[in-house]
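Before I ask anything, here is the structure I am working with.
By written order: A, B, C and D. Residues from 1 in each chain.
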């Protein structure tokens, strides 16, 4: 992350993503953006705004509501040398077109014996903002399970621009999951990654970031939960727990170096995950850490997140299911007490 | 409509219902302003005539599968207004106890459901239609969808299967010219959606969805075909008055278009003028009906507003009907 | 498991499943079977054979290749009081209709606030038998991640009949994953669960089975890997490792009592999983065990399975990716040496 | 065909190609018997005339997306026979190094791909068609599918989008009467598949797929329409001679039907008789062409047989084009 003393630009995360895309498209005219409402409207969250004007309707294509067709288009386009960015408006809708994602885009590099690559970005938005069970999921755990996909989710303005650029530049297919709760947030409101340079830059897709150093507990999270974790970590000082917060950024691959260095210090690992906990990120991180660093390397492991419940409509219920500052603080305090 | 303007009661009911629907949507708008309603609320203001026409045909034993823009269909299916609005307002008294919210309305007894996934309601309707067939009931399965939904694979698969199986499925397409920011004309390979019915050996009819009478007649023909033969499509033309959802900046439609449509294509306004000008209902009666509808909705809104969100202790309930709970990650572990 | 001295009937697993379905359909005329080739052909693996004759074309419906439509039909049918069994021929195809499975069938009980149940069985076949990347997956980890679904996979003839019966009887949606490598195997060739009684019976969906007691290492697996694990466990005796083999049967829910009792004895856990290891069963089992029994309860944890590679076509490659007797034995020996 | 029977060379090529295709499939059958080929092998025996007709129209710059029943389409696309057969036999010399197998053939240079998922090839063809458009090339994207694939949502979405965008997409439907055990007539809402094209404002034509000449002419018309306007459909009627896959017991089709079709509807036999009876080619020439084709295939088969499966050390390669490896679960851990 590059935080400088310069005052942050007055842009939101959607604009940062759009800027990353714009620069990538200027740089490489094989890059296309395809999806519902990406052109005229510039995306329902604005993260493709301005692209139609800059690149015209062939490179920025508004589609009918036909996810299967336009996701599968990416395969043909990639075979023709294009680098399509396919937008699935909400990640919740992936169930209508997952087939093309995991059986084709993800596997063709392998099935072709390395002869056909698939430089495709599946760009989509996840996260809970009160929109209930079918419009609130994050589902990175689902993508992580399926081989051949890089899976990333940025947490802040700087990374959002740099990671979409890196995703477009990658020769591997990348699932790029934005967080709906972040997209309209202003850069200046971020404690970290608030500065978005105007020029092009990449944020590597496989490096986690230590967004808050600490000595007692390694808290690993990503996407919308990072800022809640930071707030909780600040509050946890009062309870005597000094939390190191790691923004994972990428769930495939996982940056074990960063996690390992932190665990070596803290000997404690708490995973905070807005996604469903079961068969997901937390199990993989805890198991992967133990595999790499040994059962004896940890005095505490824990996880906090959606326990396997569809996200309810009423806010009174949603707050019980989706991790927030308060619930993360509780998890930290429990971890602190348990160590 | 002169011919059918013989039954004042019918027209009173129609007008009252359409006004009630309009008021219902307006009440929902207040819930967005008050932040009682979250997520993206989709209203069907401007589309009342279609739902009112549907209400004339749909029987208790019939089913109805709807979409994200579903409130008026729920009213047409005679879901009681109070639990309906309470669910939209995410209250514990809601149709689904506040768990579902406005895109996820379920009433098993009334065979009514909705989904937030475009196209996904059609297969559900197919299931209802098949149930009717194998249980020997003469019920009709209705699916109401938007113009954009026709381009989903689910539409095609459902229409083909319904036709092959000869099921009583009526698909009503509310063609409101837009699917979010994409105009109908830019998304459809055919000038009308009705004509696509022939690909399923089904009848398809386009009708003026601002005209409750014409729409009702078209739905009636579709129902008759469905009962005797197989699926049928009614494409009802209308206009989406508001942004796709509340909060949509709606900059992708020209102001000229919006002004034109909302001033010339308001089904409630048009019907009012027609009824008054034809002498069918006088100003006083119209005003009375409006007052009645407003009062009914006001009362429901006031009641809903006074109610609570579901108790947070319930959040983990109902994941499994059997009562199974499988909460993952309940506690941390120490060495 | 009920193994008696009686000689096993000469049936294969497909027939056991078909018999379980037939008895369930006799017992309850709300049960329907819907899918491609399930009626006239009786299923491409024969697991619905005889049902058309017994129950007619309304209750046993051959469909067009329209998974989205006929999977979604289950929702309407369930709302009407039916109990549909939907067959997705190969689990690999779930990508074309997952939407109806996870956003509707799985969530409607919750979204309706408990008012609408979804007694639906998604019956499908998984597993590697040399059919390459798009016809070899098991994907239980994917289903396990999504809330509201029971997910089970039987390993033997007795369980196959009893578990399909229990799945049909369940008021929760159940994903029932058969193994293509098992379906045509004869009952008499099984070391365990070879006896299939003619009468109706249920095998509970939430109880794991200790299929081989042992004292040194708890090996947890399921489906097609169980018999390989048993053979490997027998061979491991020579290496001085006495393996307890647990057939998990169900991955949602997980039977922690059975696993906990075993671990208490062995203090060692090896997960063998034909599915992709990442973000899957092994992470969940290892993490869940640690959460429940403590970091101090285990001296060894390990996992063996598909490391995140699409299943290759050539057998020479497939054998490197899919766990078999030999590779499981190696994993056991490594575990034994590590303890 | 009398009129066009003027060019002996054309007919020699056609017959030789169709015999070659038949021999190719027969060679694959031996690979199943020898257990060199695993999974379900799908041959297109009985469908040669369609692929041969296609071969006359498809240019190097055109693309072709095929299905599980793809060998003859690969030949039509001029994929060299040796790597093609080697891939089907899972050899290291295969088109994809033995990683893909017979359902997963990819040749980027020749713009050829296949998939084992029914319906999934159509969106891929759409992508090729869009690429041709935006890069200003006049290439045509071909997709060859089975009759069963038309009932998938992917067909509908693809046809609609291709039409809206005016893309040069030609969809050739090999209607072989069956989709595994389900007869075409039991799965389709229309008596022909060609007529469904109208739902996408596209031309659709049904043709006798046993007649290479008629099929070629129909494809020619479709290609012309595609280049000038948008998508077009050719439905070519044929019969699936063998079980759905090798090993399929195929008890769902009556022996009467199978005997009837295989004796009266073999395109190779029909063409041979026609060429001989019309005097276009004499018995000796026909025999010569057959011997040539057989010799060519025998040589490929012998070469492929002598080759090895890929070295097992390669199994973890190629998951990511970038070289990234993310093997999960590499080792156990101890306390």
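What we mean here is this: a residue touches a chain if its C-beta (ideal position, glycine included) is under 8 Å from a C-beta of that chain, and two chains touch if they have at least 3 such contacts.
Since we're looking at a predicted model, the values are computed, not measured.
Chemist: Enumerate, in label order, the chains that touch chain A and chain D alike.
Modeler: Both chain A and chain D are touched by B, C, going by the contact rule given at the top.
Chemist: Quick one: point me to the chain whose Cα centre is farthest from that of chain C.
Modeler: B
Chemist: Measuring centre to centre with CA averages, how many angstrom lie between chain C and chain D?
Modeler: Comparing mean C-alpha positions, chain D is 35 Å from chain C.
Chemist: What's the distance between the Cα centroids of chain B and chain D, rounded to whole Å?
Modeler: 45
Chemist: Using the average of all C-alpha atoms in each chain as its centre, how far is it in Å between chain A and chain C?
Modeler: 31
Chemist: Going by the contact rule already set, what residues in chain D reach two or more other chains?
Modeler: Touching at least two other chains: 96, 98-100, 104, 115-117, 120, 151-154, 157, 160-161, 164, 186-188, 310, 319, 326, 328-335.
Chemist: Among the residues of chain A, which ones contact at least 2 other chains?
Modeler: Each of 63-64, 66-69, 92-93, 95-96, 99-100, 103, 110-111, 132-134, 147-148, 252, 276, 278, 282, 284, 288, 290-291, 295-296, 298-303, 308-310, 312-313 in chain A touches at least two other chains.
Chemist: Touching residues of chain C toward chain B in the complex: what are they?
Modeler: 32, 58-59, 61, 63-64, 66-82, 84, 99-100, 103-104, 108-119, 147-148, 150, 170-172, 206, 252-254, 284, 287-288, 290-296
Chemist: In the complex, go through chain D and note every residue touching chain A.
Modeler: Residue list for chain D touching chain A: 63, 65, 94, 96-100, 104, 106-108, 111, 113, 115-117, 120, 122-135, 141, 153-154, 157-158, 160-161, 164, 310, 317-322, 324, 326, 328-335.
Chemist: Would you pull the chain A residues touching chain C in the complex into a rising list?
Modeler: Contact set of chain A toward chain C: 68, 92-103, 106-107, 110-111, 132-134, 139, 141-142, 144-148, 251-252, 275-276, 278-284, 286-288, 290-291, 295, 298-303, 306, 308-310, 312-313.
Chemist: Under the stated contact criterion, what part of chain B meets chain D in this complex?
Modeler: Within the complex, chain B contacts chain D at residues 151-157, 159-161, 163-164, 186-190, 195-196, 198-202.
Chemist: Under the touch definition given earlier, write down the residues of chain D that touch chain C in their complex.
Modeler: That would be residues 38-40, 87, 90-92, 96, 98-104, 115-120, 148-149, 151-154, 179-182, 186-188, 251-252, 309-312, 314-316, 319, 326-335 of chain D.
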